[in-house]
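Input: structures, listed below.
What follows is a pair of complexes built around subunit A, which joins subunit B in one and subunit C in the other.
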Partner chain A sequence: MMTNNKNFRIQRIFAQNESYLLLIIIAYSIFVTFLNPSFLSPGNLFNLSKSSASMGVLAIGVFVVLLSGGIDISFTAIAISGQYIAVNVLIASGVDNIFFAFLISCLVGVGLGAINGLLVSYFKIPTLIVTLGTLNVFHGLLLTVVGTKAVNSAQLPDCFKAFGATNVFTLTGPDGVNYGLSIFTVIFITVALLTWFILKYTMLGRGIYAIGGDVEAAERAGLNVARIKFFIYCYVGILAGIAGIIHVSLIRYSNPTYLVGTELSVIAPVVLGGTRITGGVGTVIGTILGVAMITLLNNSLILIGLSSFWQEFFTGLIVAISVSLSSYQSRRSVAI
Partner chain B sequence: MVEEFLKIRNVSKSYAGVQALDKVSMSIGKGEIHCLVGENGSGKSTLIKIITGVVKPDEGEIIINDKTFKHLRPIDSISEGIQVIYQDLSLFPNLSVAENISLNQLIEEKRRLINWKDIKDIAEKELSNIKREIDLDERVENLSIANKQLVAICRALIQNAKLIIMDEPTTAITKKEIDYLLSVILDLKKRGISTLFVSHKLSEVLQVAEKVTVLRDGKKVGDYNADELDYDTLSFYMSGKKIVSSAFSYEEKPGQKAMLEVKNLSKKGDFKNINFQLKPGEIVGLIGPLGSGRTELALSLFGLNKPDSGEIYVDGSLVRIDSPQKAINLGLSYLPEDRLNQGLFLRQSIQNNLVVTILKKLLDRFKLLSYERKYKYAKEWVDRLNINTPSLEVAAQALSGGNQQRVVLAKWLATNPKIFILDSPTVGIDIASKNNIHNVIKQLAKEGMGIIMISDEIPEVVRNCNRIMVMIDGSIVKEVKAVDITEDELFDILSSSQKR
Partner chain C sequence: MLGKQLKQTRTTTLFILMICAFVVMSIFLPGKFLTLSNFQSMSSQIPEFGLLAIAIMLAMLTGGIDLSVVSTANLAGVGAALILTGSLFPQLGGYGEGLVVIMAILFALAVSLLCGLVNGFLIAYIGAPAILATLGTMSIFSGIAIVITKGYGIAGFPESFLFIGSGTIFSIPMPLIIFIICTLVMALVLDRTSLGFNLYMLGSNPVAARFSGINNRGILIRTYMLSGLYSGLASIIMISRANSIRPGYGSAYLLQAILVCVLGGVDPSGGYGSISGLVLGIIMLQILQSGFNILAFSPFSKNVIWGLMLILVMVLNFYSSSFSKKPKKLKIQ
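Take a look at the complex of A and B:
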């Protein structure tokens, strides 16, 4: 009986998408290291974790929406709005403070997210239609009302540049080059932990899973579905605001036409991480692994010497394959 | 005398002038297993809504546990221990068994944070209370329907259920699963918990119910002890009509060859070594419980479930049926079991539904769809099958079950099939419409069509077929002429072979 139980548990671990993904990541890393030994250097790894942080924060937001059975594609417009408005306010007001920048960006994010939330939860409009519309509305408003001029590195307030260079700790490699754990990575991990806690240990989080499983059953069980949905879109807005600031601090350049158009490359890691596109199933760990896999892939394409245009191709391919795979799996399990 | 848990006295309710319930009274004793039956529109669901406090009656009173309620609110009904398990069970397929059982309780306690140990403890305790075991960590979507029902029952019990109302619980489950469900219900009875089945599929429930209340057109026909009822009297009480169904008589013409012959047809996991013949003008009944392979066999004949081995002959020549298109070309038609999902475009007009199988015949000389011909064809079939509709433009979903089924029948008859496979042709249809559809089928057979009728209702096959094949666990275990067997004998064969 005991061994039976144990076997069962081991089987369950292996049945999980995450473990497959982890194995693939490890195998792929070994493969790339053979082709280019500099890949596995601590410097490159720390760099990757820094440059993928803003995608990671956005992916966590997308993950929560997908979990609830919805989809949000307006998050890129929200992120760039938060970023560009924050940068402009800082320049205009002369306040050179990164916390102030985060505050403004997150306020913009939560405001725009609330508009999505309102349309989705109270007017019950399908989420794809809502966010497809608001993506263009938000971005269009930003470009016409706030402006189209890019802010270059020289004009950018110093706090962004300082923030981008902040490491929690710094090490010096044998070749004399400095590397370290960026504050970006810490923010990403904090966001991931917070989201994990909300989803696992609060009624709100279980409500998100419940809605993704069966909305009607959730309503009958007494969950306030409208309120939960409203929270979700506001939460995505805040995360987009955070990601916007990380993004500008990384590239030291704020262009209001950036980010929009990259929705799929953020949705890809979430789907790859095992989140069901129809909702209800998925984990934070899976999403983190998905982000790691996509980052790895993009980075290795460059290391191997393929043109970066291939990134787009592979991102699309990965979404197509992982969605078909999970749909095939669920159909097979129904057949049994 | 059993102590009474729930009493309803002279309850009436009307909607916009239509009397949905008219002075209905009934009572349910503690630990009683009660069954509420009636056809669609008889007032069953209104009565349930009144018991759960969702709908306020125009007059009458509800007495629960000796407390009289003039205005019963949903929250009163729940706190008095009344729980409804809906047909779709309202479970979360993506969550674990433990969470499904416990979540409602946690919501009710207005908890903000989740303690996973509590969730497991609550679920474990309730499962051990009803002496059943399910893996608490398993996702509900991976459970059998019987276990899903168990989870739903546990969830109801946790909220202190004294009366569990089960809305059409037996429609989608196999005989074995029904037996399991009934054994759980009997255990609940020992704990003094009452059960109210709401159903129009009776044979299984009648075995375990003690009392039956019949509703018709918003009025109570009567309360009966289950053991004084049989299929015919109950049909009479429900429909109010003595249905005279003439038995089907088939005269074999000498020298007539089989139009369909199946030899040693097997498909792993579905059915094995199926052999039978079908001659023109025959109605062959294929009876077996859900999961016996009967539907899978039908799908194989229609090109939707590729068999592993065996041969199919149509009009004496060996054929390979690998797509529905091919089956149709060979003169086969298939009426699916799940009429709403597989047989109808619910939002489309009746006209569009009727002609969808024969669009090619409706093209004009420019190869465009001729609206005139379309209308003519649709009108012809509506008249031939007596489909009761105000116009051809009405959406199919607006029709009653009986009329919907006639639309599906007409749609396939329009293709002029020689062989017609009907999968549960009268499921969920009221008794008068059932009889009407049976007459249509018999008429078709008289005109020379060969018909296979799949069913799990014994009277249906015995009264409407000339030959009956009994299918159990993927094999045809008995083949008999309808005149050589009684309904009771057939029942014995079906239930004895299932216990093996």
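Take a look at the complex of A and C:
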């Protein structure tokens, strides 16, 4: 009986998409380390986790939308709007406080997300069309109303720079270089845990899975589909606002034309992590692994000696392959 | 019967809207809008994104979407440019300029057909959702174009090739003539051939189509290849008009092309939409666009207006469809 149970558990682990992804990540890391030993140094790994945090937070948001059977491509415009407006308000008001920046950015995010949510839940417009429209409206409004001038490092309030340099703990390597776990990574992990908790243990989260699986069934089961969808797009807005502040603290430069146009590179890791675009299937762990995989790929191309021109090609290739694999698997499992 | 009437009233509404936009522009921009040169520039801009819009419309009719049209056009354009500048098959130069131009066009169309075939294969045989498959191939195609050109542009094409993009016959721009021919051919394909009929069937109900003996996979493959072909045609006009090609060229057309499809009454969930509606949508968008250009609007505010229009049209569609559905529900009760 016990052994049966154990076998079953092992089988379940191997049936999961995430296990394959983890194996691929490990194999690829070994391959890159073999070519360039500096890859697997703790400093490099901490750096990777720091620089991928803003993409990770955005990816968690996209993951929740995909889970509900929708898609959001306006989140980059929301993130840059939150970031640029927060930076400008901080400069104009003279308040030099990172929490205030987060507050403004998240408020902008919720507001813009609510517009998406309203259009999707009330008017029942296909989500791709809504967010394609709002992507252009949000970004166009930001550039025409707020401005197009980039804020450089000297003008940027000090709190962003201080926040970007904050480490939870710092270690000193044998060569005397300091490295440590950045606060960005902690935020990313917190967001991931919170999302996991909402999805797993709240009525709302189960509702997101339910409407992703079958909207009609969810409606008949008594779920308020419109309200859940509205929440989802507001949640994506908040996460985009957080990601916007992380992004400006990382690069110490706020340009309102940044981020927009990188939607695919955020959707790619989510799809790679096994989330199905038709909704209802996907895990937070898968999304994190997907982010790790894409980050590895983007950062190792130069380490293994390929020019950065190949980056877009490989991102597309990985998306196409992972989408094909998961579609092929689901088609086969239906046939059986 | 009701559906046909609804479709007709929608086209009529669009036609009236177009006339309104035209009249408003003519009144408020006297001496600037109603000029021959403005009409010539308008009619040379329509074909580029008009052909891309037809490409997206084909995918939308089957219930999918093709996000890779601009990337396909870029890759095909790079292919044509390599032949035109003699980087690829330089031995062709010995046979004269005419052959080089013809080979370049054929090569571009072959590349675009191949891109369409890849999309069609992923969607029809692997079963990948159209939006994800074309999102992936969008990156792949433009990634290949970037790797080939290393991010630089290719410029300087033979004089006879430039005629396609900037020549005129009886003061009608050449691109417009190509566009009209392509539109008529597509209207014939959709209305008069079994491919067109099956395509609509597949779009409105794939399961019913499958059970009535339609080869869904074959239809999907052919649809996406046609979609690729029209992107290739758009790329030839594009690179000939600009006399250069650079990866990323025309990426703004993607939103505009989707907007035009939705504006022209194509249903994103498949099965509905006509070439006549699409063409009316294209003309209307172009009238507004050239009006904005004359008024010297900033490019960002144009984005706002396109986005707002896209959403507005969908909201109006929501109201019109819920209005037409109401009597039906009453009958059931």
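Note that in this section the second predicted complex is superposed on the first by the 330 of 336 C-alpha atoms of A that agree within 3 Å, B and C clash if a C-alpha of one lies under 4 Å from a C-alpha of the other, contacts with A are read in each partner's own complex, and residues count from 1 in each chain.
As a convention for this text, contacts are C-beta pairs under 8 Å (C-beta built on N, C-alpha and C of every residue); 3 or more make two chains touch, one makes a residue touch a chain.
Since this is a predicted model, take the numbers as computed values, not measurements.
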**Prompt:** Who touches more of subunit A, subunit B or subunit C?
**Reply:** C
**Request:** Name the contact category of A:133: first (subunit B only), second (subunit C only), both, or neither.
**Result:** second
**Message:** Taking the superposition on A as described, I'd like to know which of subunit B and subunit C A:221 touches: first, second, both or neither.
**Reply:** first
**Prompt:** Does subunit B (first) or subunit C (second) touch A:280, or do both, or does neither?
**Reply:** first
**Message:** Taking the superposition on A as described, I'd like to know which of subunit B and subunit C A:209 touches: first, second, both or neither.
**Reply:** first
**Residue ranges of subunit C touching subunit A (in the complex, touch as defined)** = 65, 122, 126-129, 131-133, 135-144, 146-147, 150-151, 255, 258, 262, 268-269, 298, 300-308, 310-311, 314-315, 318
**Request:** Flag every residue of subunit A that touches subunit B in the complex, lowest number first.
**Result:** 8, 12, 200-206, 209-210, 212-214, 216-218, 220-223, 276, 279-281, 333
**Asked** Across the complex, what residues on subunit A touch subunit C?
**Response** 71, 119, 123-126, 128-130, 132-137, 139-141, 143-144, 148, 264, 267, 271, 277-278, 307, 309-317, 319-320, 323-324, 327-328, 330-331
**Asked** Touching subunit A in the complex: which residues of subunit B?
**Response** 86, 88, 90-95, 99, 103-104, 106-108, 111-114, 135, 137, 141-142
